[in-house]
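Shared chain: subunit A. Partners: subunit B in the first complex, subunit C in the second.
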Partner chain A sequence: MISFFTSHSKLFDQLAINALLALSLSVCLQAGQLALAQAAFMGIAAYIGAILAVSAGLPLLPCIAIGALASTLAAMLLALPVRGLRGVFLAIATIGFGEILRIVANNLKLTGGGEGLSQIPSDANTFVIYGALIIVCIALYLLSRTKFALAIALTREDETAARGVGVDTAGVRFWTLALGGAIAGIAGVLYAHSNFFITPADFGFGRMEQILVACVIGGSTSAIGAVVGSIVLTLLPETIRFLADYREVTNGAILLGVVLFAPQGIAGLWRRAKS
Partner chain B sequence: MAAREIMSGLELDGVAVRYGGVTAVRDVALAVEAGSVLGLIGPNGAGKTSLINAVTGIVGIDAGSIRLGGKRIDGIAPHRIARAGIARTYQNIRLFGALDVRTNVSAGAFTQSKVFDERAVRALLARVDLNEVDLDAPAASISYGDQRRLEIARALASNPTVILLDEPAAGMNPVETARLTSIIRTIAASGIGMLLIEHDMTLVRAACDAVVVLNFGEVIARGTPASIAVDPLVIEAYLGADTVAI
Partner chain C sequence: MLLQQLVNGLVVGSVYALFAVGYTLVFGVLDILNLAHAAIFMIAAFATYALVAAGVPLWLAFLGGCLLAGLVGIALDRVAFAPLRRRNAGTLIPLISSIGVSIIIGAIARGIWGIDERHFPNALGDAPPIHLGAITVTTVELVTFGAALALMLGLSYVLRATALGRNIRAVAEDRVAAVLLGVDLEKTIAMTFFIASALGGAAGILTGLHYNSVTVDMGAGIELKGLAVIILGGMGSITGAVVGGFILGAVETLSVAYISSNWRDAIAFGVMFLILVLRPRGLFGKRALRAA
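Presenting the complex of A and B:
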């Protein structure tokens, strides 16, 4: 068991980081926001966390704190111009934001251009990564017991009616995007500090698609579903080795299957089985 | 000059709503007093829903003032207007469809600090004559007439000063409409003011204390339901001048 664990520790780390990313998008989806900038938020924090460690020799924890703070601020700044956008228009604008950042990172000296940054200390071990995941899960659980969680659900179900019962829906949209930025940032720094090197391509549309598919598989309005979806999506290419090279194809096929046959994802199937 | 009396209810004065160059509502004055039901009628496109949207802050007003309990509420955000004590229902029902009946009722009390337990939810549903409904059913799954009454229960949950009802009888059969009439009168008797937009004149006659008639965004008549029904201007607005001439 222990030898299995050590030989697969990389995969375990990946599972938790992907779960964090799925949670960061899930927070936005629960408020009805199809905001697809999580990979960009992850990238911002990953680069800041990497640069601080490589050039300033900062230890991991301050790197996480500063990186996540930066991605949160980026999410808040992005929230302002897109506040009037809904649905697919919001999705396109936020994907555009991610693409701009990716291209900028591709051309900046500070980020190492397309070559990326290397020699990042691999100090984010499995315990740190799972510690971060557990802390985020506890925080989200505590949040789910507050009135803000009801405000999120009402905003998702019907924004006009939510305002009609006194919910500050603009506030809900702003703060869920900020919270998503924070969680994606934590995942980003952990990713950089467990991978030795990062490139702009790590945080492109492919990554974003991966996060979205995980949430859709799990059930787009359920945090637990998002985690389960990300686990399924991370393990699938590992368990079925011959599929590993066709990751994008399998992702697309899974997405299509879920949308057609189980639009509420795993969480929906679970609810149906229970009732 | 006598001091202006501060009303406990809703008061509109000289209200205008424009969409670009189109004037949807012009110089409308009306008052919904606590415990009374004011009907707002008029042909399609007369500006009734625009007026309700202006009161709830969904659209801004271009002239005039809107007051609740003497305090101005025009120009503030919709969720703050809701918190000030105005609740509404919608022409096309707007429940939180995927959420259960219980949550829909307690969502109405979002701004209240008290927790809505099962008894409180049942008590509110009883006020709209919705006693048999399954509290755990998604709101979208209950019958159309029940959804309309659930929306009123949600509005009541906020403990409002005034409720705006936008065509609550739409799609109801005569039996359901008669039931709705007594629900509205009971709510009014509890001291809540109501503005009732409605096409169903049976309901207007039975439920309203007074009626305001809008046409092309302006008030063309006001009075008791009985006097409105025989007002030539109102008949003309609904049926056209030629019909009256014949």
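Presenting the complex of A and C:
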């Protein structure tokens, strides 16, 4: 087991980063917002975290702090113009936002264009990455015990009714997007600081699809589900040798199977089994 | 120079429009965003390429590609959307299952054809270009534009003047009322998917011919651009998709000519974002924005 762990430490790092990304989307989905800009928030923080380390020699922790702050601000800026959009319209607008940022990163000198940035110090080790994941999980757990969590659930289930009982639904939508941006930003800096180089393609629509798939497989309205979904999606093709060659088909089939047969995701199956 | 760019834009735009018409037809009838539309676009181009490479005449291969695309569309509905329709799953879940199908189709295509680029053998590119004053048009461009236009006019006729078209419009307007009035819902939806996917497939084949290049990733670019087109035109509006497609084609070609090719795609998504924020109904969308 220990040798499996050490020989696959890269995989475990990846797993925690994917879990953070899924959590960042889960926060938005829990408020009923299909906002698909998480990969873009991740990219903003990844680039800022990389540039600060490469050209200013900043250590990891300030990189995470500044990167996550920037992605949070970006999420807040995005939240304002899209505040009137719901459902697929919100999804499309946020996808468009992500694509614009990807094209900008492809064309700027600062971001190294399509070739991206390299020589990023690989100082985000497994302990740091899992430390970040645990801190985010604790923070989300504490949040889930507040009144705000109730407001989030009410906004998701019925926005009009939630407003009727005095929930500030606009505030819920704004702050969940911002929180999602912050978590995606942490994941982005960790990604940059554990991968040596980054390119704009790392943060495109393909990445966004992966994040969405992890959330839905786990159960789109639960934080635990998001983590479980990331674990399944990252480990399944690696542990079952036979599936490794068919990774994409497997992902597609799992996704389809969950959507059709377990609409509440793996977390929903668990809840159903318990009750 | 400007006139020539506009002609080029018209050709590119006709393919965008054809692709977007199928996208928006499914949305108009079922309120779902079918993200597997681009995978069908790609699979039709490959099927046509395989047929042409096997010696089938181009026009027949074109029809074969469209037919396959239509059938894949029906299968897509049966597998990914029909079960969800029965349990009223909302808009997020069908969107996700269509991503699942598109991942599977892409992986199968990669398995069969690999990642290499294919070229049509003796495609229409060999014919000499036609000069009209200052404008030069190649045969391939004429065929692309003509076929796209003919297919869109054909769709407009079917929707306006046939029993099937009336059923499709009725289901789009009010599903429950349509069923009460005797419309066979599942059959109408299956035909909607057949038509939408065959048109999306035709757009893929024409794109493959126009650039004389077919790859398994060819759908990636148009998937999101098609979204920009239907947002610009107004979700669910066929006229809007056509007009939006031509506008995007023209704007893109002009931006390549006068600004820079690097920023071409940013313009499409910039326009899309602005339209969503400022006028979510788009140019021709009748329905106001709804909560989903």
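Throughout what follows, the second predicted complex is superposed on the first by the 264 of 275 C-alpha atoms of A that agree within 3 Å, B and C clash if a C-alpha of one lies under 4 Å from a C-alpha of the other, contacts with A are read in each partner's own complex, and residues count from 1 in each chain.
Quick note on the criterion: a contact is a pair of C-beta atoms (placed from the backbone, for glycine too) under 8 Å apart; a residue touches a chain by one contact, two chains touch by 3 or more.
This is a predicted model, so every value here is computed, not measured.
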item	value
Partner chain in contact with A:153 - subunit B first, subunit C second, else both or neither	first
Touch count on subunit A, higher of subunit B and subunit C	C
First, second, both or neither for A:164, with subunit B first and subunit C second	first
First, second, both or neither for A:197, with subunit B first and subunit C second	neither
Which of subunit B and subunit C A:270 touches, first, second, both or neither	neither
Partner chain(s) touched by A:12 [first = subunit B, second = subunit C, both, neither]	neither
First (subunit B), second (subunit C), both or neither touched by A:84	second
Subunit B and subunit C contact sites that coincide on subunit A, given as residue numbers	none
Complex contact set, residues of subunit A against subunit B	147, 150-151, 153-154, 157-158, 160-170
Residue numbers on subunit C that touch subunit A, as the complex places them	33, 79-80, 83-84, 87, 89, 91-93, 95-97, 99-104, 106-108, 110, 223-224, 227-228, 231, 235, 262-263, 265-266, 269-270, 272-273, 276-277, 280, 289-292
Contacting residues of subunit B [partner subunit A, same complex]	56, 58, 77-80, 82-83, 87-88, 90, 94-99, 103, 107-108, 110-111, 154, 158
Footprint of subunit C on subunit A - complex, ascending	34, 81-82, 84-89, 91-93, 95-97, 99-100, 103-104, 106-107, 159, 205, 209, 212-213, 216, 220, 246, 248-249, 251-253, 255-256, 259-260, 263
